[in-house]
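One structure follows; several queries about it will come next.
We call the chains A, B, C and D, going by the order they appear; numbering starts again at 1 in every chain.
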Amino acid sequence: MSETLQTPPVSSGKPAGPDQPDQPSRAYQVFREITTGNAIISVLAVLLALLVGAILIAFTNEDVQKASVYFFSRPGDTVVAAWNSVSGAYSALFQGSIYNFRKPDFASGIKPLTETLTFATPLIAAGLGVALGFRVGLFNIGGRGQMLIAAALGGWVAFALDLPAGIHLVVALVVGVAGGALWGGIVGLLKARTGAHEVITTIMLNYVAYYLVSYLLRDGFLKTPGSNNPQSPASKPTAVFPDLLGPAYNLHLGFILVIIATIFTWWLLSRSNLGFQFRAVGLNPHAARVAGISVNRMYVYAMLFSGGLVGLAGINQVLGTSTSGFDAGIDSGIGFDAITVALLGRSRPWGVFAAGILFGAFKAGGFSMQAAEGVPIDIVLIVQSLIVLFIAAPPLVRAIFRLPTPGQKTPGAKTPRKRTTTPTEAVAS
Amino acid sequence: MRLSTTTDLIQLPDVVLPTRPTGIAVVALLLLITAASGWLVRSKAKVPIWLVTVFAVFLLVGFLAWASADHTIPVPGLLFGSLSLAVPLIFGALGGVISERVGVVNVAIEGQLLAGAFTSAMVASITQQPLLGLVAAMLAGVLVSFVLAAFAIKYFVDQVIVGVVLNVLVSGVTGFLFSQLLAPNAGTLNSPPRFENINIPLLSEIPIIGPVFFRQTLIVYIMYVAVACVYFGLFHTKWGLRLRAVGEHPQAADTVGINVARTRFWNVSLAGAIAGLGGAYFTLGSVGAFGKEMTAGAGFIALAAVIFGRWDPIRATLAALLFGFASNLQNVLSIIGSPVPSEFMLMLPYLVTIFAVAGLVGQSRGPAASGKPYIKS
Amino acid sequence: PSTGGATSTAAVTDFTPCIVSDAGGFDDKSFNQSSFDGMTQAADALGVKFKQAESKTTDQYAGNVSSMVDQNCNFILTVGFALANTTRDAAKASPKTDFAIIDSALSNDDFSPLALDNVKPVLYDTAQAAFLAGYLAAGTTKTGIVGTYGGKQFPSVTIFMDGFADGVTYYNTQKSKSVKLLGWDKAAQAGTFAGSFDDINQGKALSTNLIDQGADIILPVAGPLFQGTAQAIQDSGKDVAIVGVDSDLYATAPATKALYLTSIMKQMADATKAIVVDAANGKFSATPYIGTLENKGVDIAPLHDWESKVDPALVKEVDAIKADIISGKLKVTSPSTPK
Amino acid sequence: MKLELRGITKRFGALVANDHINLTVEAGEIHALLGENGAGKSTLMNVLYGLYRAEEGEILLDDVVQHFSGPGDAMAAGIGMVHQHFMLIPVFTVAENVMLGHEETGFGGHLDLPAARRRVTEISARFGFDVDPDALVEDLPVGVQQRVEIIKALSRDAKVLVFDEPTAVLTPQETDELMGIMRQLRDSGTSIVFITHKLREVRAVADRITVIRLGAVVGQASPTASNEELATMMVGRPVDLTVDKSPAAPGAPALVVTDLTVLDPRGQVLVNNVSFTVHAGEILAIAGVQGNGQTELTEALMGLQPRVSGGITLDGASLRNHTVRRILDAGVGFVPEDRTEDGLVGEFTIAENLMLDRSHQPPFVKRFNVQLSFLARFAEDKVKEFDVRSQGIDTLVARLSGGNQQKVVLARELSRDLRLFIAAQPTRGLDVGSIEFVHEGIIATRDAGTPVIVISTELDEVAALADRILVMFRGRVVGIVPGDTPRAVLGLMMAGETPTEEGAAA
């Protein structure tokens, strides 16, 4: 466990008390804290990824390629072109995800940030679901299927039923979340009843859900009357998430729901008795069983909650983002991104929240990188992947920048973080 | 059902299974077996695996007889296609088995397959040497593995994160290079020579089995050898003993002088090489050109096969074959005209897998230390 | 209605056309690619640069279109029915920008048809051309069996299969023959699909099964999967032909050109180019464009290498049918015909 | 070979596990290392073996400084080690485990398993172990696993051998045999480091004794020192080695077990028709060599075994076919044999572990909410009451020493209203100080009128605690005898012989 790198506090043995002669100075300690802290590592990780990304962008830029043909006669051109392409791409990334300086006023300049939050919304919800699974020792790769079922059922309520405003929205939301929970619950039930490994069943159920929803869109109850496109009708206005900041922005109620979901997940995992049992099962199922906790029941409950949270992501898409009808691609790969979001957030609710916003920024910024600078979408994805990889690898970043490792010969290190069951263990168990 | 291909030396007569009598006979047998298993379960004994297998075979024959009512099912073709669909899954699963057995969860099989497919197509096109393409595919797989290994083993990054990210990364890189290089220059960069089918003398004339298994390309023969080697190697050699030790209990392996990090690193690389071969099958063995995302999720199915096969190369191979069979059965049935909507037919292989896992396999336990970085104090 | 620069030359130099793909991407060997080609040709002809945005997932449609608007595109081409509502909403929000959408018309949320002043729907009555290919295939098959499969069961796919099926049926009724079509049942709207537009290996497996079932002419409607069909044919060693879709495969995928009986073409590049050039010259009109045999928006490709193998009389019959369809004497219908 | 450790310092973050430790072991000497749980013994040995890298100090073999970068180097230099926490691969056979790392191979790296089997049988025969080379290690009882670990170390002809608590799970006979082996090895010139908490063994076999406390050497002792002297030196305070125990005052029959039979998934009988009764206020010790069905018996009582027949009633109410939860709620307290695997969640804090089996009811939980402030108060109380040495109630249990971990389990189980208390191997691996504490706790529970079952393979412990003794052999009850039955009789019973004195059955 990488966490074991974190030093435990003095428990027994000879404590390194403050009266020890080799106690380093306070200033030095602060320096240590900062250089080994997570914040600086993350910043450096992003810098590193941007650097590698810059190389990629420059290499793949057409102008740079053209200029490099005559590199030896006029090397300056290549450098200028490279600089232009990289700075253009990154400023587009920033202006597309945080603040657009080209807009005249703050109200329109800040729109990219709201876009970031909008894109982060389903990522956080699904990330919470996946993270919850991880905490119980379950690797839920079934986000796609759970989102699709949630979107299909909730979407159906949203376009097919006529209910009063407010109630309609709540019913659609509940049905959608229940749909995701159902699809996840199948996995939990299969695991509890037959021991079927959740990695297999979630992968398979993704496909089943995809084809099921495809069929329903083409010829079932999700079909748009009078149209032959495999696309659902638009959600009724009574079932659409209201905009939070007015019609000029896309940010909608879903974001608030996701904040609530984050708080709920936090409460569930760290304050509720069910969460206590979840964590016990995730960390040591044997001891949990001996302590009277029904491990199988926890698997079912956990998959219900996990699927429900992922379902929230799915319903968010049909009630918030793609309200004018959806097709079988409505999950948009969020179920897979959620795995990374969950792990980047170390499977902690607020960590997931932060990681979701980071990913949301990538998504929002990706558009303008592509549109403004013509950076191919594949390169945008590569740069994003690199950022994730570097953020997930503090030891690498430390090694590159020759920063000290925390815990090693560092008296008075920070309190240890608790270990989380990593999905990889779940896969192997 | 047609049992022979037109080129067989030994022509078998077509077997005609009348729908109704076959149906009745099969149902009766199935009921019998169910009753027997029920009795066994009641008496708290385990249902033997052969009984389950017999049940499955009867179920299948009955289903085929029903579904193909007044149509001919060319059995060799059905099986040949199943094998073709299974080959990349088997390579991927072998890579998965090796890397998980040594303690590194390999979610990046998809990426390794895709990288292998891409490089083999390009290198074989440039050199016009499919063998070089094959080597290039292995190198590409190894390269992906290097990243996985470096991040997971040296820098303790969560193995699943690296795997998931690598898949995106490889998809991005191959997609980009495909658009920029391969697509515009398809003639020179994306027209690899394919391996020819090689008929193995005698073996290829065995009825049914011959045409399916012994009229294949070099890659498929390599696959047979690979499955056998990995199985033998894992369970009967020093290499396998050490590899499994590292995946089960790295510290114990360390205490007997095995270098855990090195063992992991090179075996993960080996796994990449094997998965890379699976990628080459797409381009050099099967379709003769690279296409964006052409692996279409095969890596994830392979991952499922690894677990389905309980981390055992032979069982994983069988799992992949089952999947390939279900996929191709679906193909054949939909072609001869099935009343079931296409989407439900397409679900078949996935549902079969779920039922098989839930019904036959049950609890499976992986290598104990898989996914856990080994950090020395 | 574009309100570009003051003078007409300025209008052209200031003109920025833009294109947004659906999740298929610009090298899907299908409509994204042809539209992209048309856009490239138009931009070259006009001497302007165009902007492009490729979508990987459905949640990127809106973002891609709106960032194109932000980039001050004068004309935005969106590809595929999946972008219809996105295009509609963007067009309503930016009435000064011109749009064209490939393969779909617009509709309101209550499904009523909608026409906007700044959106030009570009549609193709592909079934007309597919009908000709079906007739041709039925007359050419030696085994009396032809086959088809699709990528996914989308209307833009099944419209090929419908036309093809009708062509075969028409041949049978005309000639009292019983050529069989595997892989698609028009009446039941059920058939064989690969489930993907990427999985070439699956295309090969499906094609092998079709050949095993005796088909000697295959219509793959699944983007790049036709490459798998070509390999299946080569592996089988039999004399089997492919009917291509979207563009003339003889020109776009010459590696296996000997196998193409013909191709059912949607001349999207030409149409796209014309629409872009019109827009640049201030001649944008929102009137839907419907590609038919008549306006050569759809057609079948020349027989090329198969010229010698096909009965010239059959070719004449096909030409006659084509004339009949154009004149309206023969109606080709499909539930998937764009509306 | 002479071994010398000079100024070894090993830190785990802030914790100094070894503080400038010097230790010299002469060739042909058995050197005992004594110390409380967590004193740093294992750490020191792991440094020696190359598993840990020390911050300071050097290792000398025959006066030559060694530079080990891993266990491979240490092994090559002639060091062998029997690890406290078995370094065995559970899914491998005994032979595979023994051969691992120095495999004999044939063509193409093919493992020569027959050679490995021969080696195992040969060593087992030489030292009187009965080990099946083809058995899977995970199927073996811990006692046998310990033998495998010893065989592994012996199979390499090491010049310096470290035995880290090898006797914790051995029977007295096996322990005697092992000590014989150690003497044999010593006489042939091997240097041996022997770590144990059992002072009897130290005095029987050691040539010299070094005691460490809190990571530092506190002194040397000679094997002639008394138990009390050694214990005092280790713990740093006087330890009462004999627990005061008043005679039992048994009440009404509380737990009645009739014809209990447990099958394994393959249908093999693990517990065979066992019947016994435990009265309120008495301690029934279940003795027997590890692996004779005791574990399965306790698991059956707790509802942890799926294939059980027979009757279990507690105070007249049946416990059969109940879930673990209901059995716990019926007032059964349980200390499982393997505390790290079954008793504790290592990555939970002390406080969380203290509510582990009451996570569904008040006072710990109200309306789905864990009552954190109540839990904190409760945990503070228990930590104080049971003297759990730690940084605080938020310390992760995995970071506690074994003795303190055991105290957490006891604190949890004994703080409920108990109607039955079952403790399996309650002091395995604990130091003398902790054993004293645990025994006192068990006796206090009995004195409060609770029926108690103690499962132990340790005759000392059985003698110290039992009011009556049930001996198990191959899943059957050999006999139930009074608590003061002589060791020799018990030893024979544990080997399966029915007691000769008929009156012994109670």
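The working rule: a contact is a pair of C-beta atoms (placed from the backbone, for glycine too) under 8 Å apart; a residue touches a chain by one contact, two chains touch by 3 or more.
Labels paired with UniProt names: A, B = ABC transporter permease; D = ABC transporter ATP-binding protein.
Model, not experiment: these values are computed from the prediction.
Asker: If you check the contacts of chain B and chain D, which chains show up for both?
Answerer: Common neighbours, chain B/chain D: A.
Asker: Find the chain most remote from chain C, comparing centres computed as mean CA coordinates.
Answerer: Most remote chain from chain C, centroid-wise, comes out as D.
Asker: Between A-B and A-C, which chain pair is linked by more C-beta pairs in contact?
Answerer: Here the pair linked by more C-beta pairs in contact is A-B.
Asker: Based only on mean CA positions, could you tell me how far chain A sits from chain B in angstrom?
Answerer: 30
Asker: Cα centroid separation between chain A and chain C, in whole Å?
Answerer: The separation of the two C-alpha centroids amounts to 37 Å.
Asker: So how far apart, in whole Å, are chain A and chain D when each is placed at the average of its C-alpha atoms?
Answerer: 44
Asker: Centroid from C-alpha atoms only, then distance chain C to chain D, rounded to Å. What do you get?
Answerer: 74
Asker: Among the residues of chain B, pick out those that touch two or more other chains and give their numbers.
Answerer: 175, 179, 341, 343, 346, 368
Asker: Send over the residues of chain D in touch with two or more other chains.
Answerer: Touching at least two other chains: 12.
Asker: For chain A, what residues touch not just one other chain but two or more?
Answerer: 211, 214, 218-219, 376, 381, in rising order.
Asker: Taking the top-of-page definition of touch, could you list the pairs of chains it picks out?
Answerer: A-B, A-C, A-D, B-C, B-D
Asker: Using the touch rule from the top, collect the residues of chain A that touch chain C in their complex.
Answerer: The touching residues are 96, 115, 119, 122, 211, 214, 218-219, 224-231, 233-234, 317, 321-322, 324-327, 329-330, 332-334, 363-364, 366-368, 370-372, 374, 376-377, 381.
Asker: For chain B, which residues are in contact with chain C within the complex?
Answerer: 72, 74, 77-78, 80-81, 84-85, 88, 175, 178-179, 183, 186-187, 191, 194, 197, 282, 286-289, 291-294, 296, 327-328, 331-332, 334-343, 346
Asker: Tell me, which parts of chain B touch chain A in their complex?
Answerer: Contact set of chain B toward chain A: 100, 105, 151, 154-162, 164-166, 168-169, 171-173, 175-176, 179-180, 297, 300-301, 303-304, 307-308, 341, 343-344, 346-347, 350-351, 353-354, 357-359, 361-373, 375.
Asker: Enumerate the contact residues on chain D facing chain B in the complex.
Answerer: Against chain B, the touching part of chain D is residues 12, 49, 51-53, 70-72, 75-76, 81, 83, 86-92, 96, 99-103, 105, 108-111, 152, 263, 265-267, 307.
Asker: Which bits of chain C are touching chain A when the two form their complex?
Answerer: So the residues of chain C in touch with chain A come to 18, 23, 51-60, 62-64, 66-68, 70-71, 81-82, 84-86, 88-89, 104, 107, 109, 111, 152-155, 189, 195, 335-336, 339.
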